[in-house]
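You will see chain A twice below: alongside chain B first, and alongside chain C after that.
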Partner chain A sequence: MGSSPPNRLPDSWAACKTMALTLSARSLVKRYGGVIALRDGSLEIQSGEVVALVGANGSGKSTLSKIITGAVVPNGGHLLLDGTPIQFPNPQAARKRGIAVVYQELSLIPDMTVAENIWLSHEPLRFGIAVNRGAMRDRTQALLDLFAGTISPKLQPDTPVTALPPDERQVVEIVKAISSDPRLIILDEATASLDTNQVNRLFELVKTWKEAGKAVIIITHRMEEIFRVADKATVLRSGESVGTVTIANTDEKTIVGMMIEGAVTPEQIRIPTTALESHVRLDVKRLNGGRLRNVSFTLHDGELLGLGGLQGQGQVDLLLALFGLIPHSGEVILNGKSVHFRHPADAMKQQVAYVPGDRGTEGLLFIRSIFENMQLPSWRKYGIVHRRHAARKDALASAADLQMVYASLDDPVSSLSGGNAQKVVIGKWLLRQPKLLLLGDPTKGVDVGAKGEFYALLRQLTEAGTAILFYSSDDSELLGLCSRVLVFHEGGIRTELSGENLTRANLVAASMGTAHEHD
Partner chain B sequence: MNTIRLQRFFSRQSYVISLILLIVVVAVNYSFQNNLFELRIINNNLRTMMPLMILAVGQAIVVIGGGVDLSVGTMVSMINTLLVTWITPESTGGEIALAFALVCGIGILGGALNGFAVAFLRLQPIVTTYATSFIFSGIALLVLPRPGGSLPRDLVTFYRSTPLDLPLGLYVIGVLILFWIVLRSTRYAQYLFAIGSSSDAAYATGVPVRSVRVTTYVWSGLFAALAGIALTLSTGSGQANIGDDMTLNSVVAVVLGGIALRGGGGNAIGAVIGVIILGVIRNIIFFAEVPTWSQTLVNALVILAALAAPGVIRLIRRLIQR
Partner chain C sequence: MTRFTLTPPLIALILAVILFFAGGLINPDFVNPAQATNIVRLAAFLGIIAAGQTLVILSGGEGIDLSIGAVVTMGAILTFRLTGGDNSLIWVGLLASCGAGVVIGLINGIGIALLRIPPLVMTLGMTGVVQGTILVLTQGEMIGATPPLMRQLIAEPLILGIPGVIFIWAMVGIGMWVLLERTTYGKQLFAIGVNRTVARFSGVRVQWIVVLTYILSGLLAGFGGFILLGFAQTVFLQLGNNYLFPSIAAVVVGGTLLSGGKGSYWGTMSGALVLTLIDSLLRAAGLEQAYQLIVFGVILLALIVVYGRQRSLRQ
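Moving on to the complex of A and B:
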């Protein structure tokens, strides 16, 4: 490894051709317990190609890319690199073979400088032992110059990463990936936090990488970007690769069609639309905060309003803002009164409840009993000297309402199945009889039977007049349950779908940021 | 540009506040004890601080790597009992060298045990090293149930010597600083800071997180052995619980040295400064003629104040900005 790639200067690799690469993934399978994340993941790419990996939520595109980068080990199928079968036990192994990934969830060490981060684990060395800080700084500067004009002068090799805004951290992340002169670069939502100039520069760079013989896989939630840089698009649907198209010979509609083709629409148990004439429970105007950009909508009593779109487009931020968990600006009118919640306790006082999707970290105290968990948000109701009997009676009634399966209220929550644990999360809020219920992907990881009961519960609640804001990463659920869905894209409401416009094709098209199509 | 430089300077030279603190306590000490800067006094002071200094540098490496080692004190005790058993006043130079090498090996083994449990069995560092600390104190009791033992006179004199008219302690400090400078310049140090700051991000970047984590405990084991040798030379005899108190002192020294307990930042030289601060505070209390029965309390309060100083400074700064 005398002339290993990191010791070359970045300008030199742009000029000379990279060693050729062919990668093919064939029928890759990945199971997590009983859940199949990837059923038949296939992908072909070779040097000088830009392939877009496209799919709706849960289509398996991130699992497929994680197998290629060595972050996930598959249960079946083959991965062929340059014609020979290979399996990467960890990300290091993939990187040694010339595969680098730009993470969206940042892989930077906050306490270290830009240069230290970029060269971490392949630092240029002097005498084979001492880190050559001078060379490290110079090479970092050369790499950063690729983005010159689109980054602030504050972004220097010696700047600590903590001092950088998100877009510049993403730039560092990109530069870090290319610092090892990879043969295959995977851009996993790398443009999400970049500004327009930085995206343009990145795509110019992608073109030069292509010319230099590198292969690029791009995963993006922006359909427009696929048509700007990709040569081919491989489409995934429910864990299967359903085909690859040449971008020059296709259009957006075809790709959306492939993404949704043949998917079953679930049984319709829509809540009647009469709700729209009822009392306005929530009126949101130009809400900003977190990822949110100027979000406005109204929600009526007894309505189940769906929040759709690809994951991480601001849906959760909306729920968090409405529950007072993240700082926000804009107008929120709850039940005719303007409110601004700074703390969940404020929201709880106004009969707002939030059921998070991540039961483990936000929803439950796992080792404590079912009873304790259920009465936690309502303890005030039972007095300073705890009226345990009254509390227990209410908890029992609530558990019966939810058809919860458990041995004793004193058992720890950790003894329950996923579906029943989720009922505890909901149950603890129902004890407070909320008027506005915020649901953040509540059926994630819940089995089918429990889902059915959960849907029935939602119906009961809406019939009783509860207004529900329902974010789900499962499109079928939104199509089946809601009569109105707000589709989020990059922190804003891309479009509102209802009535006959509420189709899977429109939902998917809007979540990829393309125009709203009327059938 | 300048603010970045300054920011960077403070993040790297995390012990700047410690240095200021050191100057303050030394000045106070001097006001009570005017012969503080005489060679003999400096030599005496450094000699008592030396074992903890060595120990604290090892602790600093573990803490920077995101862990903590609560077994170092009893490891020092164990090394002490082994040394006084193996070395007698009649031991030859070769035998003594062999004993030193053996205890270093034992320190490395003990550290590897800690590191293995933390990195591969994924046990909490605090619990693990607290548990293993009893293994070491148990061995110490088996080896030397009753205090005793004595060393060759030459060895004890060497520890009190002042080569080239400079206290031995200064040489040790020099070696420790040099060690850190060399270590800091290696790729290994980048790994160390990376795993301490964010082990997930480090793993995703290809840092061998587990092996690096094991080595941090190996370093602290080795430094505990060296501290055990220094302590044995300093006392000239053995006792099964002689180093037990040094564990928490090493952690306090690390914190006083500006090394964040959350890991990923700091400088091991800071830990050396922290030890000197602790020693000087003890001096001050002695020379300020604090009544015997109040000394522990006053010592604790002063250390608490020193630990709180950076936090208080930050608090004041924030209040002023408002």
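Moving on to the complex of A and C:
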């Protein structure tokens, strides 16, 4: 602390109190096709309040916040602003009514300057038409001064955004949101890429906003932050608001308890762990790269090791690093040999395979045929001039193994359903008979039937001795399938859960970065 | 097994046949075997030169090779000068023209894949460099001659009245088909054309494939220049320029997506036939040169608009 409270606010804010606001979301519903993202989303907030929105992966918190900001249109329920029902067709409409949001995924345009980004679409005008560049610059400076001392001198109104590191981009994102002097500010994982000083400053600001009569909704994966700034916490579980607690009268344990389903336990299809005596397939020591911070673990042949935690905590970075897709440092010992992969082709030579989570952008060539997609990693083994029949026979056999439903191998992948398309992504790697299989959230967007088949496949593979590293954003999959789960938090392994300790409560608690007692 | 569908290459081929007989309406002398042979012969030069362009466009990433025209000129001039009309030196010309193409393609590929220069800019810049190099090497004087054997083997009737260039084109066609449909390079080329991230995630060394593609494009253009000399018999600084725009147009008319990842060389072959036919028809119709150009351009645009509709299928 020690810094003077930021008082050089832009003129337009002129010390006057923000117009009061009350917002209540009541039983909001959002469906995507057959999937219900939000079943009963409710939330109450008014001026001068800081409400934390908490929930595990897929609990619906981002859907709820997106409905409030107009980014998503609900299928049911009501949103009341200042007592009158309202529905925002788009984010601009919400912003006009004084609702601003700071996302973690940055919405800045890299090639424009800081000032241009902040004032985009609400530029200060001269005579009502011409952009007043001087005013724009001054007001940007005033906004940036709110973070003075925590940002580098390089961050100026005229700096292009592309020249800024991630934390300062996030700062720009924050001041952009408050530039329109909103009545309600939503911070959606806004602290994730900030450093400690910036987080402290942001929370000081949150307090001044509160005093100025603004309302703040904070979504964070750090339990500690909730207790620092929030007045209340609204807890979501499986798309339902299960309650709101006053922070002063509660503790972490209570909130975690609300986040997990009490009675319902998922069907235990846990894969038996005879693996631990087997050959060590992978030994990782102090791996860094991307978001990863000193990750160390071992994986045995025939083991299905789960990677858990909230999304974006480094699980995918681990898979990418092991497959040679991102630069990394540290020691990776594969099958007793020290390796450092710089390209997937290197990893593939050592019988490593990676099934990415995003079929559309990372897994499939939609306009090419099923056949070509399945054989893309393997063509080389069919000779300089391909022995086409052999390649086709192998692809047919793999498709049959996976019970893929299709008309012809020559049809484009775009003709397949989601579950069958995912089978192509998996099939193309199984054709290579990997010894180490990296799975990046492979069941995302896959229907229940295909999921069941996939679980059976995992069992087959582990029985055949394949070592599998399995990241899933669905906690019940980790609990149901894995005998050991590494829980990631902010790039590191927060804890390792196995045996008795592998419970939903421990998984959720560790995901939120709270201390938990095990061993 | 294979279902009959009207694919763009097929449409182009049907269009070529229709255009040929439509020519008979304009001028009854147009439809005869000699004329047909002549048109295929003319199309063969364009087709060979457009082979490399097909690969580059298939590679995606806004891939285009604007240096093809200059490389064709370079290949022809090198052969013209190094052989000096001597039949026994033809192989020197062949090696020199292909070798120059490989070097130019390699530089293009490095600039595009490693230095990340946009293909349009890189190959346009390369055009200037190649033309300048030609001027430096020749000092503006086109000294040399075409070996008589080249004319006999390429431009004149070889077997059954069919000129050699048509056989060469057929061999290039078979070679391109094997390359695209039966080799790892071909499959990886389509993959990087559709989605470079997916390709990389599947173990494709994307930059290497891009470099190799521009090398092949240069090689085929250099070879095209060598072949063209056997027909043109003479060289001048703009010799290859007339083939640049048609080489791109032939690829597109043949149904290859300008955005890459989908297409075929047999489509380009059909496209080359269509373009050559339109050109011949306009000449036969006795239009003034200026109007020929206008009509040619309008027909091309119309064809591209029709094919462009396919692209929406990608989403």
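Going forward, the second predicted complex is superposed on the first by the 504 of 519 C-alpha atoms of A that agree within 3 Å, B and C clash if a C-alpha of one lies under 4 Å from a C-alpha of the other, contacts with A are read in each partner's own complex, and residues count from 1 in each chain.
Here is the rule we go by: contacts are C-beta pairs under 8 Å (C-beta built on N, C-alpha and C of every residue); 3 or more make two chains touch, one makes a residue touch a chain.
Being a predicted model, the structure only gives us computed values, none of them experimental.
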| item | value |
| --- | --- |
| Touching partner for A:Tyr406 - first (chain B), second (chain C), both, neither | neither |
| Partner chain in contact with A:Phe203 - chain B first, chain C second, else both or neither | neither |
| Chain B versus chain C as contact partner of A:Pro356, first or second or both or neither | second |
| Touched partner set for A:Met348, first chain B, second chain C, both or neither | second |
| Partner chain(s) touched by A:Pro110 [first = chain B, second = chain C, both, neither] | first |
| Partner chain(s) touched by A:Leu325 [first = chain B, second = chain C, both, neither] | second |
| Partner chain in contact with A:Phe297 - chain B first, chain C second, else both or neither | neither |
| Touching partner for A:Arg368 - first (chain B), second (chain C), both, neither | second |
| Chain B residues touching chain A - in the complex, by the definition given at the top | 1, 4-5, 7-8, 11, 185-187, 189-191, 193-194, 196-198, 200-208, 264-265 |
| Footprint of chain B on chain A - complex, ascending | 71, 91-92, 95, 103, 106-113, 116-117, 119-123, 125, 129-131, 153-154, 156, 158-160, 163, 176 |
| Complex contact set, residues of chain C against chain A | 178, 182-184, 187-188, 190-191, 194-195, 197-205, 261-262, 313-314 |
| Residue ranges of chain A in contact with chain C within the complex | 323, 325, 343-345, 347-348, 354, 356, 361-368, 372, 375-377, 379-380, 384-386, 388, 414, 428 |
